[in-house]
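What follows is chain A paired twice: with chain B in the first complex and chain C in the second.
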Partner chain A sequence: MAEILPLEVIDKTINQPVWIILQSEREFTGTLVGFDDFVNVIIQDATEWTTSQTTGISEKVMEHHGRLLLSGNNINMLVPGGRRSGN
Partner chain B sequence: MSTVADKSEAVSASTQFLSDIIGKPVYVKLHSGMLYTGTLESIDGFMNIALSSATEHYENKDNGLINTYNSDVFLRGTQVMYISEV
Partner chain C sequence: MSERSSEHNPQRAHSQQQNNQRKKFESPKREAILDLAKYKDTKVRVKLMGGRLVVGVIKGYDQLMNLVLDEAIEHLKNANDEISKDKTRELGFTVIRGTILVSISPVEGSEVIYVQTSE
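For the complex of A and B:
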């Protein structure tokens, strides 16, 4: 059974839907197109959300068309497959 | 071996993106929530950014215009949340 490296999880998500959660109450969804060693990520057609940590309700901030380079500095979690339904 | 190749390919994906968008209109958002729109003059490895003809909004363009800058502006890389194609 081969070990899965942390960055392999990201690498396997390339060209697939992704859900990215920052340290602040902010999230991004879209298609992951690339990343680097700092875990700066490039997302295609990203949607940007703010999520209340008390109510859990997400509000759309804006939709981005084209690519978006998100700084890896404040990324907390990256979820392959996109936003969980029910959120 | 393949992971090394994957990594170098991935690095070029982000550097490729940066070289692709030089001279194009972009959105830049800072961690404060301030959103800047302008023409990308240059960007470095620290994500320091120079914009020309920048306009300033809070969070998105539907919120009112806060400022326009006629000179080039510098945005500090440590404060940049993202840079996006318009």
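For the complex of A and C:
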């Protein structure tokens, strides 16, 4: 079976919805525009959330119109396809 | 001038020596410390900086230990900030950054020997 490379997965997510989970309780959803080797990320029309790590309940913090650059420093996980329903 | 400063700064002289040594021993190709090929398609428990615990099936990885997990589930924390066994949320197909990885171990072949209880 062919190897699945993480950065390739991210690359295939470009122009598609993505769900980005930071080290803190903060999360972003939006459309992935691009990323670099450090996985700094640009997302289009991002929504910013705080998600309690005890209840898993998300609250919308704000909506960003246009593009948003997110530093790769604090990114823990990237989920292609956006937020799972029920989350 | 530079001689003087290294004389007065033994630490710097030492680090220079170390650098030279490193050059001497450096091999052209570096192998990954852990071969994750063995764990491919197996369920693993991954701990991240910041205290998250994610369980999922390894589908891919790279040299920097970025991971691709399928059927990933994140374990949430209880009121005492301990990782809960049954409170989870579903992430699904996920990429985990290698830069924030703390530990990785197979789920099969490990068992809990001590559980800290808050009561």
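Quick note on the criterion: the second predicted complex is superposed on the first by the 86 of 87 C-alpha atoms of A that agree within 3 Å, B and C clash if a C-alpha of one lies under 4 Å from a C-alpha of the other, contacts with A are read in each partner's own complex, and residues count from 1 in each chain.
By our rule, contacts are C-beta pairs under 8 Å (C-beta built on N, C-alpha and C of every residue); 3 or more make two chains touch, one makes a residue touch a chain.
Note that the coordinates shown come from a computational prediction; the quantities given were computed from them, not determined experimentally.
Within the superposed three-chain model, A:N76 lies in touch with chain C and out of touch with chain B [touch as defined at top].
When the two structures are aligned on the shared chain, A:H64 is found in touch with chain B, with no touch to chain C.
In the superposition on chain A, A:D36 makes contact with chain B only, while chain C stays out of contact range.
By the touch criterion defined above, A:L5 reaches both chain B and chain C.
In the superposed model, A:R84 makes contact with chain C only, not with chain B. Contact with chain C, but none with chain B, is seen for A:Q53 once the two complexes are overlaid on the shared chain. On chain A, the surface patch touched by chain B in one complex and by chain C in the other comprises residues 5, 7, 24.
Residues of chain C that touch chain A in their complex: 48-52, 54, 59-62, 66-68, 76-79, 87, 89-100.
Those residues of chain A whose C-beta lies close enough to touch chain C in the complex are 3-7, 9-10, 21, 23-24, 39, 53-56, 72, 75-81, 84, 86-87.
Within the complex, the chain B residues that touch chain A are 3, 6-7, 10-11, 13-14, 17-18, 21, 27, 31, 47, 59-61, 78, 80-86.
By the touch rule above, chain A contacts chain B in their complex via residues 5, 7-8, 11, 22, 24, 26, 33-37, 40, 42, 46, 61-62, 64-71, 73-74.
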